[in-house]
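For clarity, chains are labelled A, B and C in written order, and residue numbers in each chain start from 1.
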Amino acid sequence: MTDDVQEPEKSLFEAPPIAEQERMVEAILFASSDPVTVAEMAARMPHGADPAEALVYLRRRYEGRGVRVVKVGDAWAIRTAPDLGFLMQKEVVETRKLSRAAIETLAIIAYHQPCTRAEIEEIRGVAVSRGTIDQLLELEWIRFGRRRMTPGRPVTFVVTQSFLDHFGLESARDLPGLKELRAAGLLDNRPMPGLGQGDDEGEDQSGQSEMFED
Amino acid sequence: MTDDVQEPEKSLFEAPPIAEQERMVEAILFASSDPVTVAEMAARMPHGADPAEALVYLRRRYEGRGVRVVKVGDAWAIRTAPDLGFLMQKEVVETRKLSRAAIETLAIIAYHQPCTRAEIEEIRGVAVSRGTIDQLLELEWIRFGRRRMTPGRPVTFVVTQSFLDHFGLESARDLPGLKELRAAGLLDNRPMPGLGQGDDEGEDQSGQSEMFED
Amino acid sequence: MAGPSLFEEDAQSVSDRLQAEALIVDVDGFEGPLDLLLTLSRTQKVDLRRISVLQLAEQYLVFVEKAKKLRIELAADYLVMAAWLAFLKSRLLLPPDPTEDGPSGEELAAHLAFQLERLQAMRESAARLMARDQKGRDFFARGLPEDVQRSRKIHYSATLLDLMQAYARIRTHDEFRPYAFDREHVFTMEQALDRMRGLIGFAGDWTDLVSYLPDGWSADPARRRSATAATFAASLELAKQGHIELRQSDTFAPIAIRRKPQ
């Protein structure tokens, strides 16, 4: 309601030309160090603007340039071209401090999400220390997902937009080798024969398809 | 200096093509947290590179775009185009209830318009603050009416079309009268804070006892 | 599954045995029994899919035996794994017992092979992930982000009901205006007392009370009532204090007062 008062009436019906919208998206993405969703852009742009369309043009415009327009989950960001990394003053890379356990746990969550702690332990064959999970949560590379609808309703972990941003992934579906792993059945939750873990199975599969297949 | 180690030998003698240098300058300006001088760029870029020349091209490339290459002192930075500054503002709309003083003042103006400030004060029994009137003027719910032809020629206030629109009235005459308010239960004899309850009779008696008690 | 390599441990090369010893010394370096099994499986130098689980079980049990001899304390989960592998080994070696329920040795072995393959796959995936271009190392975000200024716009809400209630409140307020506010038309007893104290000195004779009413209070009925009541009350007060006498010849007859003789 209040927007109507502020916005000139015509903008409700006449969006700015697409070239102008492209400039706006460009300005918004340049101004932010974090990825910005299309919805957020739309909220800041005049009524009737179509940032998704403008993004198509903008992305093409920056192909081969020193910076690129990249998709991060359902958001967009501008990042420097990876071949120019040598020009930059490097940040202290957090991954140095990551233990082998943390890196493996991260990979297991990324490839199996949503993933419970018990499943991580099952895959690694060893208990997951609290500190490992905490470290990944702190880096904001993982977050809590929905609880599993199995006895005890365990929490699950999923990877975040920051994770995708950090590793330059458009989505979790683009994880390296994901398709091959799935084809080889290595992402199946296969219970130990003779153990009554059958209930988990259906749940797991639905969980995976939910994450990866839409 | 450290670049020598990182860069392949040939770059010592052969500078990269100017288009490549332009990409480098673009990436450097994008990723730096402070404006960068030409000397700093040259130090980071391969030997023989000419960031000043690359800047000329880059600057031209960004002409009319959503961001611009600007000079800050003797250094360079990428900044939002000035006409798009509005995109960097996010409006947070907060809904608040109108204060009691404001709503009462507004009600008096609506029922008694045109109405002077002195009249409002007489009806409310308390002074009307300047802020209250200003707020109602700003909301465009009241405006100045004709001056009253009495000594001092006080200004009057009347309600506006916005007021009528907001409250869904065709005219101020559509406001329900006292009888209707009473019928709607809005004029119930609710106790006033600090006053004895009850009807007029009780009121009189308290007045009388006051007369006789000392 | 029962491979010919069952009793080949003695046939291992010296370097293999040294390697096995090193494994034991490094037991703290393993991330659990599955990790150890994965490492041991490498000595078979075959694809994990073709691994001999029986041989692997043997290698693991030998490892645990050696650790015991060297008095190296193994964590409980290594011993649990050893017990399970011993069980698996017996299942793989003995002909299946038709009376016994549960999974066959082959099924269990296949599952262990799956676990190893899966762990290996995750390790490789982790390595590929970490080998990707990373933000802050290979590519960079905007170094000088412009903050989005949050401007607060306050939207005041008021409904017609609010408006009507407010007006009703003011009007109700009027009706309940305390009586005491109407000082203009009220003659108080204090005022009457003050007035009569001044006049009483002259009232040697009986005088009608009405003649003590102040000027300007007789015409308006309301004012007259107030002044009369106040003056009457004041005269009662003065009589009580012994300054005056009162008399009334009959009900509703005029009341007369005079100064009390000393």
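We take it that a contact is a pair of C-beta atoms (placed from the backbone, for glycine too) under 8 Å apart; a residue touches a chain by one contact, two chains touch by 3 or more.
In UniProt terms the chains read C = Segregation and condensation protein A.
Since we're looking at a predicted model, the values are computed, not measured.
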- Query: From chain A, which chain is the farthest off, judged by mean CA positions?
  - Reply: B
- Note on the structure: Of all chains shown, smallest offset between own Cα centre and global Cα centre goes to C
- At what distance in angstrom does the C-alpha mean of chain C lie from that of chain B? 30
- For chain A and chain C, what's the span in angstrom between their mean Cα positions? 28
- The distance between the C-alpha centres of chain A and chain B, rounded to whole Å, is 35
- Note on the structure: chain A touches at least 2 other chains through residues 2, 30-31, 44, 78, 80-81, 88
- Item | Touching two or more other chains - residues of chain C | 140-143, 146, 148, 153, 155
- Residue set of chain C touching chain B in the complex reads 140-144, 146-160, 162-176, 178-180, 186, 188-190, 229-230, 233
- For the complex, which residues does chain A have touching chain B? 2, 6, 22-28, 30-31, 43-45, 64-67, 78, 80-81, 84, 86-88
- Task: Would you tell me which residues of chain B are touching chain C in their complex?
- Result: 27, 30-34, 77-80, 88-98, 100, 102-104, 106-108, 110-111, 123-125, 135, 139, 166-169, 175-176, 178, 181, 184, 186-190, 192, 195, 200, 203-204, 206-207, 210-212, 214
- Item | Of all residues in chain C, those that touch chain A in their complex | 31-35, 37, 77, 102-103, 107-108, 111, 114-115, 117-119, 121-126, 128-130, 132-143, 145-146, 148, 153, 155
